[in-house]
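Shared chain: chain A. Partners: chain B in the first complex, chain C in the second.
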Partner chain A sequence: MKTATDTALRHVSALRRIGISILMLAGLLIGGTAQAVITGTTGVNFNLTAKEGYVSMGDGATIYMWGYALNGGPAQLPGPTLIVNEGDVVTVTLTNDLAEAVSITFPGQADVVTTGADSQGYLAGEAAASGGEVTYTFTASNPGTYQYHSGSNVALQIEMGLAGALVVRPNAMNQAYDSPSTAFHQEYLFFLQEMDPHIHTAVEAGETPDLTNRQAQYWMINGRSGPDTFFADGVPWLPNQPYGAMARTHPNEKVLMRVVGAGLDLHPFHTHGQNFRVIARDGRMRETIPGLSGADAGISDFTLTVAPGQTYDAIWSWEGKNLGWDIFGHAPGDPCEASAEECDPASPYYDHGKPIPVTLPEQQFLTFGGFWSGSPFLGQEGALPPGEGGLNLDGGFFYMWHSHAEEELCNYDIFPGGMMTMMIVEAPGVPIP
Partner chain B sequence: MKRVYGVAIKMVLASLALVFVAGGAGADVYVQCPGDTDGDGVIDDFTDPELLAHPNAVCMHITGGDGFINMADTTVTGGARGRQLYMFGFADVTGVPPLDVIDEGTTAAWYPGPLIELDEGDEFYLSLTNVGMARRPDLDDPHTVHWHGYADASPAFDGLPDVSISIHMGGTLTYYYQANEPGTYMYHCHVEATEHMQMGMLANLYVNAAQNDLPDGTNLNGFIHHTGYEYAYNDGDGSTYYDVDFPLQLSSMDPEFHDASESTQPLPFALMNDTYAMLNGRGYPETVNTAELANTENGVVSQRENALVEANVGDKVLLRISNLSITEYFTLMSPQIPMRIVGTGARELRGTGGADLSYLTNSVNLGGGEAFDAILDTADVAPGTYFIYTSNLNFLSNNTEERGGIMTEIHINP
Partner chain C sequence: MIIRAREVETVSNFLSKTVSLALTSVLALAFLGLEANAAEYWLRAGTTTLTMPDGAVIDMWGYGEDADQDLSTVDGIVTVPGPEITVPAGDTTLTIHLRNDLPVASSLMITGQPADGTTPTFEGGRVMSFSDEAAANGGTVTYTWSNVRPGTFLYASATNPAVQVQMGLYGAMVGLLVDGPLCEPSPGGGTAYPGIIFDEDLTLLFSEIDPALHAAVAADDYGPGKGTTSTIDYNPKYFLINGAPKEAGSNPVEIGTGGDRLLIRFLNAGLQTAIPVIQGFYMNIVADDGYPTPYPAEQYSVMLTAGKTHDAIFSLECSNLPEPMASTGNFALYDRRAHRLTNNDMPGDGGMMTEFALLDQDGESIVDICDNCLGVANANQVDTDGDLYGNICDADLNNDQYVDFGDVGPMVRAFIWQEENGDLNSDGSVNFGDIARFLDLYDAPPGPSALK
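Our next item is the complex of A and B:
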């Protein structure tokens, strides 16, 4: 609904509505370690249970769902992110607490051995309703980003939430694949799903849902719709949605994006700030000479079409160069702090000490976003009217990463929300949680 | 630069006046452009020191506001124009004296917004004046420009309201961009993106490659460049050479949403259902009508672009294809003349080691926010009329009118 309130303030009010103070958010965003690592569960033996649960959407709606749970915990949306190493023999034991048969299929994993299946589902051996159990074993031969999802009554069970990510790490540290061309500094998962709440309501009421008229009304990244995507992993008020989607990096660092299409619709995922370059698709490096050339055959783009079942790995890096002004707001005599290029008068990227060639309008003509620091310069804060801004205490540069099908930036009838999160480029030296 | 203030006398709109009273400030149409002495966004003093310091300056002044357009379903209306839709959009007011901008811009938005064509290396001063939505005096929405795909964007000029600043009614925000990367982009307002984009605040934007300006006779790896030759990218080998280029922006609208907006009804976000699919703001057959079209509400010429592709036999035709539909994936089909896709996302289709990733195809699929550069080689094409259309055949319609939607013609002249 249209109101006079601007988008950013609605974000803030959404945060307030669900009881989070701005300061508490800020506290969550300031962390301690130097590198972001995808949150998930590591090991080689995983015990998952398919069970009922409820998820909370960005508009406050509570929606009945089915999810995979870890070690008897709550059902999760998405299912637990399984993180294994190349060559691991992985065993996943599935227990079924649902009232219909359920299973797991692992697209991209060869020779999955199923033991103890109670029945054969459409795409995988099943655990019977209400207490059945089945075990899947496979060797994670190829590094990459994958997904797993139910192979039973798939149109309904995927809609209900039975899907998760599988990350297979190579033997080398901080690489997506065995080639050094896939090295990264930070990595983030973007697990894209959508849901039609009417189907969920019907299932909860014990009715037969109409899957032929499915029309998604909620769009999620890592199981959350905006603005809940901004919150940290594991916040207690989202017990069934443990994964946040806020991403952070520094200038010139390489960010590995692991993007998974896990719903039933396509999504055009747009990265503000800079193009990404694809390095792999469905766990296979994009290479011109297999085994030799590295990931040299991926495209650069600003929007990634993510189709159901697909995964992409891409590298994104923001360098803040060649803007025609100094993003740090340096005066000509100030010391340099970023790339050498910024301070090298011979470089085409030499912007050191250059002022912004235009004047920003006076405050009375502006609406301020909650994530606007008040300053156009990286790592700086500027004066803001009372009550404006406040969500960007380190002066980071915020970029929205979102579905560019903007109808998906809603939570049901409410804008903003949906499939969106932020990538924050923090000033050098600001810690990344 | 000269600062020029608008005066309240010009403010005939109650909605604007209300805000100015509330804001405690007068209207401030303030265009920043080096070498512009009278504030109209046109460089007129070539000795201005600021212009000499920014010799590649290019200036443009656009409005953000509301207006009217007509769809192409004339067989339904039985008139010269099809169904009229209320819309939000941008319009070009470069050259308009600042005191006249609010008047000229009121209820005068275009669809698509003004084409932005830049040369690599340009310093682009883009001033956006929010002229308000006169037909919706209850709205006081700010606006922004989001240059979609701008490399190494800074939030100040990225137009994302949540992380940045956006401009109120009566004010002007000047964006500054160095055009560093050639290619096909797009721009749109990012305020209330679902609503403002559905309502029409979007347009074509592309940057010409610096390779065009090489000295005559330059040898590009065996390809000899001559003055006047143009390329989609700095390819180094002439592989993206073209004779003529055309932007083709796909988009779509939900008429119920627009009617709800016009009548101040709740907006049907959840039920959004786009049924008019367009190229450069028109459904077929208006895509091939080269006239600028005036709307039936107030006669404003609000649909200025067409989508007709014209070339001579032997030409290489560059199509700068983008999609800014907020609801649809489209497949764009050139069934007779294959397309070589040489770029995506404003980058040449090359691998990191220079590998040629271009490909020949008759179709491209693109969701919202995607762009492709396609070159059609007409060397072996007989003169005549050919078609480009969406193979999402349900969108070959203008709402209930069949034979419309995303289709245009390629006229190959002898």
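Our next item is the complex of A and C:
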């Protein structure tokens, strides 16, 4: 789990390397507000173990899996999110508790030096079955979003769960890459996988799995299928799935989406609320002039085709513009909180103090849900009948982010679930996380 | 010795080459465009078999190039994929004569290249073919493309594609913008798109086989009222690159023979998406369906959906090589849809994987593109004067880029004073062995060295 101390340490280390006071000042200003940081493990030396475990799906099913564990802990789905800094020399030591040879390959990282391999797998040097050990060392030369996965018996081992995310942070804080065009306020990881439980059951029973008839039945974000994606990081009842996938932001903030295609199928990942703009793929910025233009070649879209093996960075921002009513629920005399534009009659954002242009129906005509705060205004709460609401204590707006292949919104044919989570736009001032 | 090139450097190299040569290509085209030539092929659609690593013999349909360019007789070998159709630079017209020896009508189209005057065929109001057909059992047809577009394209049967394409009736069509590099002549090079100049190109064509469907077609058990009525249960078990799955003992593809710019032409003739990933390198994806993209996309992976082509170019400069490859020279390209990396569930790796081997022709465990003396094994890579010519290739002791009388004096001095740069064979002293080598190298430029 990432703690506030880890975060502070990372910031201190980044600042030491930069050593520029003006950036320190900027860092302090930004650091003054609460900020969502991807949960993971920081440092440069990582001890992973490939081992057996069980994951819990949204329908209550318990599925046998193989995962990478951190420091001898439980097998994780996905593997530990490794968070390093640009230029770090990263060492990953892999111990193998499984009954077949296993390894790690790092797509997009050049110069991976393998030491102590017991055998050579197709894509990487291996740790032998039942106790073998191998070490990989590489320099994280380029910032970006990456993944790692098994390089052995890959037809089976990726399906079994041997994959994780690698985040390389640039020298500048609160940027995805070494370009101000990639600046963000909040960042979230969306690590997309799917699994065919019949393969897992066969492996657990010691049978030969039927890979060419693979048919996925569970679809996960950060190792969890909906609605477990909503739970916080590290909840005790999901010991093998420590990462939640609920995202939160404030209006007008830039949200960095780090999206990883880690399974074997493609997924159309769809954001509600507003378009995102792709700034990078496979850990490289989309630039019209490489090295000069910044991330200006990406497209604006609302569905990201996420292919296995690829990674994507995108910036999403909810501006609430052109609504014709004040998303903040201001009275006409209130201060202009979000920007000067909301009080500028010439601006398309000129919504200050305008009430929502409908009369709310009486409660007996409304259908409620857990996410309804009782008020249509951001940050406001209203009267709710007994037993309704309760999941939206800050009066935020909930937007479902999900795979738009609708069958993937199921847990073994049961809707809703699967590759689905929520983005909550919270009122300014609501602390995140 | 190996400098770690950073991506910015790689890309700027790429761009500088791109920009400087783009102009030249345009000029060259202006000349080449004046003369219209024509490429002409004689193809035969027929049956063949492929043997899979588990011993299964699969009945295939494929195209073969007619050996005597006379479709009245049956000759030439049918292959999967079919022969690569190449259209040299400056050719504006392509003609393909097709003879069909299959038991059903068949045809040929090049996706993205409209043929002249062809018409779809219909039967009972249903479209049967997107182009003119050759009748079953020996029928012929001739197609002409009078406005051929350079680039990478897929050709395939235009008749009942759900069945005929996956039976093996597919291949690559490659049209060049300019033949051969303009500035650095090396055999096999060329210009693929404006500014995209390569020293070496490779075609990687991805496809799949569902053996049950092939068996049904071969046994005439496919069609209305027969055992298999549609491709709805398509479930491939074998996954091929250039017609072959990975198996134990597969030979790596040798690369690194010419210059350092390698162009890979990716084509997917299968019915499923493949995601080729290249190990240890980033590629610049420069074309999509045979059309150049506005900006190169730097990626280690390619999203290759069914029917798609992509061209990717990357630098094989020594400074761009991940460390282990400079000596071992091997790296992998694999489909990241990893459940397809199998040969019908046989144990071990299979499917859409290929290995590249960087050539080391003199066998000293330093690949040619990193070798400071090509053609002579010099594992120590000694280069006393640091001019990137290894001593064994470098009798140019006065560094005027030619071994001539001006080098004789320095060689004599090195012999007398035992100066290290005269120790051409690196045996620890300057002796008659070095004099003999000096004479071998006399009256020629120093080298060859891949680092210069």
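In the analysis below, the second predicted complex is superposed on the first by the 391 of 433 C-alpha atoms of A that agree within 3 Å, B and C clash if a C-alpha of one lies under 4 Å from a C-alpha of the other, contacts with A are read in each partner's own complex, and residues count from 1 in each chain.
Throughout what follows, a contact is a pair of C-beta atoms (placed from the backbone, for glycine too) under 8 Å apart; a residue touches a chain by one contact, two chains touch by 3 or more.
No experiment lies behind these values; they were computed from the predicted model shown.
*Asks:* Please tell me, clash or fit, for chain B and chain C sharing chain A in the overlay.
*Replies:* Chain B and chain C fit side by side in the superposed model.
*Asks:* Looking at A:Thr288, would you say it contacts chain B, chain C, both, or neither? Reply first, second, both or neither.
*Replies:* A:Thr288: touches chain B and chain C.
*Asks:* After superposition on the shared chain, which partner residues are touched by A:Phe398: those of chain B (first), chain C (second), both, or neither?
*Replies:* first
*Asks:* Tell me the contact category for A:Ala297 with respect to chain B and chain C: first, second, both or neither.
*Replies:* both
*Asks:* Answer with first, second, both or neither: which of chain B and chain C does A:Thr208 touch in the superposed model?
*Replies:* second
*Asks:* Of the two partner chains, chain B (first) and chain C (second), which one does A:Trp237 touch, if any: first, second, both, or neither?
*Replies:* It touches nothing on chain B or chain C.
*Asks:* Which of the two partners, first being chain B and second being chain C, lies in contact with A:Leu123: first, second, both, or neither?
*Replies:* Only chain C is touched by A:Leu123; chain B is not.
*Asks:* Residues of chain A touched: more by chain B or chain C?
*Replies:* B
*Asks:* Just checking: does A:Thr305 make contact with chain B only, chain C only, both, or neither of them? Give me first, second, both or neither.
*Replies:* In the superposed model, A:Thr305 contacts both chain B and chain C.
*Asks:* Just checking: does A:Leu266 make contact with chain B only, chain C only, both, or neither of them? Give me first, second, both or neither.
*Replies:* both
*Asks:* Measuring by CA atoms in the overlay, how small does the chain B-chain C distance get, in Å?
*Replies:* In the combined three-chain model, chain B comes within 5 Å of chain C at the C-alpha level.
*Asks:* Please report the chain A residues shared by its interface with chain B and its interface with chain C.
*Replies:* Looking at chain A, the two contact sets intersect at 266, 286, 288, 297, 305.
*Asks:* In the complex formed with chain A, which residues of chain C make contact?
*Replies:* Listed in rising order, the residues of chain C that touch chain A are 4, 6-8, 11-12, 15, 235-237, 273, 275, 277, 279-282, 294-301, 303, 322-324, 332, 334, 336-342, 344-345, 349-351, 353.
*Asks:* In their shared complex, at which residues does chain A touch chain B?
*Replies:* Counting only chain A, the residues touching chain B are 1-2, 4, 6-8, 11, 181, 217, 266-268, 270, 272-275, 277, 286, 288, 293-303, 305, 318-325, 327, 356-362, 364-372, 376, 392, 397-400, 403-407, 409-410, 412-416, 422.
*Asks:* Using the touch definition up top, name the residues of chain B that touch chain A in the complex.
*Replies:* Within the complex, chain B contacts chain A at residues 23-25, 28, 30, 32, 34, 54, 123, 125, 138-142, 148-149, 151-156, 158, 160-168, 170-176, 178, 180, 191-195, 197-198, 261, 266-270, 272, 325-329, 344-347, 349, 351-353, 355, 357, 365-371.
*Asks:* Mind pulling up the chain A residues that touch chain C in the complex?
*Replies:* Residues in contact with chain C: 105, 107-108, 110-114, 122-123, 139, 141-142, 153-156, 158-159, 208-214, 264-266, 281-282, 284, 286-288, 290-291, 297, 305, 307-310.
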